[in-house]
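Dumping the structure here so I can ask a few things about it.
Chain IDs A, B, C, D and E follow the sequence of writing; residue 1 opens each chain.
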Amino acid sequence: MKDVVRAALDNSLRTSAILLVFAVVGTAMLAFTHQRTEPNITRSQQAEKLTLLDQVLPRSLYDNDLLASQQLLPPSDLLGTRQPSAMWVARRGAEPVAVALEAIAPDGYSGNIHLLIGITADGHITGVRVTAHRETPGLGDYIDRAKSPWIDQFTGTSLVEPPLRHWRVAKDGGRFDARAGATITPRAVVKAVKDALEYYSRQRTALLAAPAQGVPSP
Amino acid sequence: MLAAIGVMVLLAVAIGLVLGWSAVRFKVEGNPLAEKVDAILPQTQCGQCGYPGCRPYADAIASGEADINRCVPGGEDVVKKLADLLGVDPKPLDGALGEPKPKSVAFIDEQACIGCTLCIQACPVDAIVGAAKQMHTVIAKECTGCELCVAPCPVNCISMVPIEEDLPHWKWKHPVVMMKTVRTETRA
Amino acid sequence: MSRELFTFHGGVHPPEHKSESSGRPLHPPLLPRELVIPLRQHLGNPAKPIVEVGQRVLKGQMIGEADGYISTAVHASSSGVVTAVEMRPVPHVSRLPDLCVVIETDGQDEWIERTPLDPHAMSLADLRMHVRDLGIAGLGGAVFPSAVKLDPGAHHCPVLIINGGECEPWITCDDLLMRTRADEIMDGVAIMRHLLGSLQILVGIEENKPEAIAAMQAAAARLDFAVEVVPVPTIYPGGGAKQLIYTLTGKEVPSGKLSTDIGIQVFNVGTAQALARAVRHGEPLISRLVTVTGHVLRPQNYEVLIGTPMRVLIAEAGERDGATGVVMGGPMMGVPLASADVAVVKATNCVLVRSAELFPPLPRELPCIRCTRCADACPAALQPQELFRFAKAGDFGRAQEYHLFDCIECGCCNYVCPSHIPLVDYYRYAKSEIWAREKEKRAADLARERHEFRQFRLEREKKEKAEKLAAKTQAARAQAASAQPAESPATAPSEADARKALIAAALARAQAKKAETAPRNTEHLTPEQQRTIDEIEARRAKIRELAHQPLETEEKK
Amino acid sequence: MPAPFITGRASVTQVMGWVLIALLPGIAVYVWLFGPGILITLGMATVTALAAEAAMLKARGYPVKPFLVDLSAVVTAWLLALSLPSLAPWWLIVTGTLFAIVVAKHLYGGLGQNVFNPAMVGYAVLIVSFPVQMTQWAGPLALTGESLTLAQSAAAIFGGLPKGTLDAVTMATPLDTLRTGLLQQHTVDEVMVQPIFGQFGGTGFEWLAVAFLAGGLLMWARRIIGWQVPLAFLAGVWLTAGFLHFYDAGRFGAPWFHLFAPSVMLGAFFIATDPVSGSTTPRGRLIFGFGAGLLTIVIRTWGGFPDGVAFAILLMNVCVPLIDQYTQPPIYGATRTGKDTQK
Amino acid sequence: MITRQEILDLFRNGLFKQNTGLVQLLGLCPLLAISSSVINGLSLGLATTLVMAASSGAVSGVRNFVPNEIRIPVFVLIIAALVTVIDLTMNAFVHPLYLVLGIFIPLITTNCIVLARADAFAAKNRPLHSVIDAVAMGLGLTLVLLMLGAIREVAGQGTLLSGIDLVFGAEAQRFVVHVLPNYQGFLLAILPPGAFLALGLLIAANNWNKARAEQRTRAAVPVTA
């Protein structure tokens, strides 16, 4: 009996030592790679974010470091957010010329639709992009720019043009078309964009007054 | 970084200890697989598989050194069962080892028997009785039909008699159902 | 009728076709030129032939004696000369031949001396031995030796049920028997009651036999003990023993057990009558009632000598053109025969001649659509569609899990199947396959044990030889050493050594001899050998366990 | 051939034939409500199904005739056709039927071997792949005042309607309307005032449901189906919907409405009762039916599609072997001892 | 070192006889998830091949130092580390490709093919053999992914090579083949059930082909009777 216990103990020490070596080597390898690649990765990610922002805020509008201007907005019903969301302020010189907001349309056919919306200082949409959604493929996913240009019809609109009562899909008597058989998704998007505009018009001063060098979020 | 290494080290040591301990402590004695294989084999002990008996062949299968298609008396049925047990594809019997034959028992022509006891020594299941210089006879009930006694007989008095179907041994056949149309092969 | 009746699960109502044969009176026995009497007519061991070719036998003379407890005797049905004891075709579904005694009748029909028995003057065991030697077996179809069933043994059988159900279509022999020989049946019942000590006696008769019910009730009224004749609903298989028990008592025979386990014994009316003939007149079972019907000119019931070729009966009933085969028994459970040349046996209740218009070929089989009509019709409350699936796929273990062996092969599922699948065929195939495999398995286990023992024996012999050899060489060396004793003083201790070796060698020899002469499993085993044996034993036990895991049929059947 | 030598009169053709007969009242009401277009759909589905069945039988080496006359392919075709929207284009009908017969039936081994209900597999494939076309219902007679003529229907089915016209004649089904309304945060009462919601199950649609119910009762009376599955299915729908409605009448539709949305009646009596893909034990059928009913409401309420009957039945089809295994009824001789006597 | 014949055998084994996707049915999870288009399938297939080659080589190299009882943890450790390294490297240096495959790369860790080959082959064979085996197996998987992707893409969207621009830049857009112009789209093919159906059909075709080949060889043997 004692022999077996001793043999087991010996063996377990041996195996754990071997495993230890592999763990140390593996971890060291990872640590090394991580260290080497980290700057590159950060750069790529920022470039990626910027590419996305570029789609809603034309680069010709501003000259500041847009990524550095990121701030967090508190949760808001109009933005459809339950958690703080990001906002970027574009400036030309010191003058704020536009903002980019994250918003959520909570009433999509299959849950939340995440949007990125660019709004000029005077309340015109410069662009809208869907960043994440779970709408039925082939039915509701035409809101995705990769699938169809549908989302482009928001560009240039504001709370005044079209008038408020036309901020609906065509089927409900509004200005925005929707594909037959799939009106829930566009309804949700139209409503979310309109709400985001309203949010902007109410909070405009606070948003634009934000310090030029806002506290960058982590 | 240090934390990551720490976690990995701790994990490694813990897992290593547990596995190393259990490997010795919970070692399974014997080979349960070989026993399961042995339970499937027909126990004729005929040695046609190239092993000195069913159990050695079972051990060889369990350790992976022998193929599952070497049991001639067991036929396709045994191959299929072994394939099921081991989770491998069934394959046809190794034709080089012999063709399956109808079940037979050995029969000693008692007129010709000289009582040399060679067949008694050859019988793997002690199914032949008799003594030196005395006539031998086969206990048909215990004979497995392995044919090992046929070759040693110096006077060729042992023959294999197929077991004929009679009333008590009759079996119902699988109902033949012609649901599919049979495509007649016209190849010569 | 105040008795509460119970309705068993399932059952079917096939067209009865009873009026064809039940209207005509009973036809007296025919005496054929040749009688072919199989020795295996009952369940259990076949009878052992006790006559020789050329021997003259009398009517009622025993020609085969019971072999063992579950067996009965077989008798000559008429006087004549034994012309052969050989393999002849018998009425069996396999169409294989079996051992028969062939008698050329002499037309004198000369009886052997018959001595009536007095049941009250002899011990019950004695009486049962007589019943066995008079060849009485169940005439309802199963032909189980009656002497065995009449031995209550450890079980107490307070309830005796007499089965007059006769639920199979076409068959009317029990009906006619009850109508014409009710008193004799009741006499047999009285003997059964005496043997079993039953307290309650019930006779179940299907409602479609009013005359038989009336006759039996009248006969029951003449008895000095209570016999309740109960009309039961007409539904197939209401005459099955388990179904009749349930209908009359509401009790189910537990799966895998016998009716005696719940205190009930069942006999067919024909058996009761045969028992009465045997006890009151000393007549062995040499004839029985047989319905000859179907595609014949005059369907009728015959009193038939056992061993009469069926062709004789069909000729008498009027053969018609267009016959497509002969069946022994009814259309639901009968046995198709290779030809009409086989003889009537104790189990033959009906000779049914088939024709295309009476029994059109069954429609083509289609795949099972799992409609479960079979489950609704199954009197054993099984799930036939699952059994079929497993049996067809060769998954016999699962089939057994789904109670394959509780199937009574009544054919109800076949009858209702909209896909016309021969379900019962599959069950019979699966059962027979399971039995065969069980047998093979047992043979393999036996071979394994014998082989292992042989290995062990060879090993031991080798070791003994080696020991002997070692002892011998040592002894030789010791002898050589002792041959020069005074060569040096230093050898003094070696002398002692040599003596010790000598003794050891002698001991070893003795021991070896003992081992040789003693029976193989001796108590003089070295611990090592003992361990080997133990190991082998343990392994065998395990293998046996493994081998038996999916096969509990043995206990069931 | 051993015994038995006789057989009853039942046949697969007879069983399937009764199913078709029992569908006739439903088809009649369908014609009255939505015009004779359904007859084109039925015909197309039937022809496609028989052609596909014949081709598959041939390819698999089976004799064609005895399997074609068993009518099982026709039943599948009709059930699928009746599940499709009234203005389904021809290629939708053909695709669905082909999928049902070729994939769901024959690739699984043909008659009796299919794990899933073929008609519902066809339906599921279509609704997943072509959600837009699968919602093209013409407005029922009671709302539009006139039903489409045969020519109009044919035009719609074969794509001959001028662009835009289709939008004009189509309408959302009651279930669709309810779902859309609820998604827009309206309460049930607010939604239910719309004219599409009739007396109890949606204008017109409710009579279709009643006709299917009548056909189902006919099948039950003829012993083609047992009572367990339909009753349990309806109970599952009614109890689940009732519970939710009782919990919050504003967010969950009334149980009667859910019962008489026609797919439930069709599903309960004609689809869930499919013996091949359904449970075979009496208790199992209760569980199967109830589960399908419950899942129907769950999918209608929280799922991605307005109706859930097809998916509910398909999901329960998967559970059948499990249900069957654990609901084996006691056999003769087991009731007294409670359990098996051996072992 | 290694003979030509051995290399051929390894490749025949990996590509056909023991094809991971069609015969061994290993690693179905990524197989079904990623095969919605040719480009996706091809990219993940190649990435998996790379990981397999690296990990099989590494496992084979250390196989003599690893006791049996901890071989699985060690292999997993090696594979996970390698995958993470590849993941990070791709993220840092080929970011656009990473954007396409990014979420699938970590999944390779859990792909049973990698571990299966490491345990079944690399742990018992020399490094060179192991690497070649891994490459063969990986290419076999890639082949299946490619076919599956092609079937699903054509049936689902009527195109081939869509998304090629994500790998080779926007100008590669012109390589996209529109097989069926004006195609309605058959959503089922793109959705997960379509993956199962298509794989099922591929396996069926493979089995049918095999059975036919077998029959041919059997028919080729003259029957003496």
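Following the convention adopted for this analysis, a residue touches a chain if its C-beta (ideal position, glycine included) is under 8 Å from a C-beta of that chain, and two chains touch if they have at least 3 such contacts.
Everything numeric here is computed off the predicted structure, so don't read it as measured data.
Which number of steps is the smallest that gets you from subunit A over to subunit E via touching chains?
Between subunit A and subunit E, the shortest chain-hopping route counts 1.
Using the contact definition given at the top, which chains are in touch with both subunit C and subunit E?
Chains that touch both subunit C and subunit E, as defined above, are B, D.
Specify the chain most distant from subunit A by Cα centroid.
Of all chains, C has its centre farthest from that of subunit A.
Can you pull out the chain pair that has more C-beta pairs in contact than any other?
Comparing chain pairs, contacts are most numerous for C-D.
How many angstrom lie between the centres of subunit C and subunit D, each centre taken as the mean Cα position?
So the centre of subunit C lies 52 Å away from the centre of subunit D.
Determine the centre-to-centre distance between subunit B and subunit E, using the mean Cα coordinates as centres, and give it in whole Å.
40
Between subunit A and subunit C, what's the gap in Å when you average each chain's C-alpha atoms?
Each chain reduced to its C-alpha mean, subunit A and subunit C end up 82 Å apart.
Residues of subunit D touching 2+ other chains?
In subunit D, the residues touching two or more other chains are 129, 131.
Can you list the residues of subunit A that touch 2 or more other chains?
As it turns out, subunit A has residues touching two or more other chains at 11, 14-15, 18-19, 22-23, 26-27, 30, 138.
Scan subunit C for residues touching two or more other chains and write them down.
366-367, 422, 425, 428
Going by the contact rule at the top, pick out the subunit B residues touching subunit E in the complex.
Touch residues, subunit B against subunit E: 12, 15-16, 19-20, 22-23, 187.
With touch defined as at the start, can you tell me which subunit A residues reach subunit E in the complex?
Its residues touching subunit E are 11, 14-15, 18-19, 22-23, 26-27, 29-30, 33-34, 36-38, 40-41, 44, 47-48, 137-138.
Touching residues of subunit B toward subunit C in the complex: what are they?
35-36, 38-39, 41-45, 53-55, 124-127, 142, 144, 165-167, 170-175, 177, 179
Can you check the complex and tell me which residues of subunit B touch subunit A?
1, 4-5, 8-9, 11-21, 23-25
Any idea which subunit A residues touch subunit B in the complex?
Going by the criterion above, the answer is residues 4-5, 7-9, 11-20, 22-24, 26-28, 30-31.
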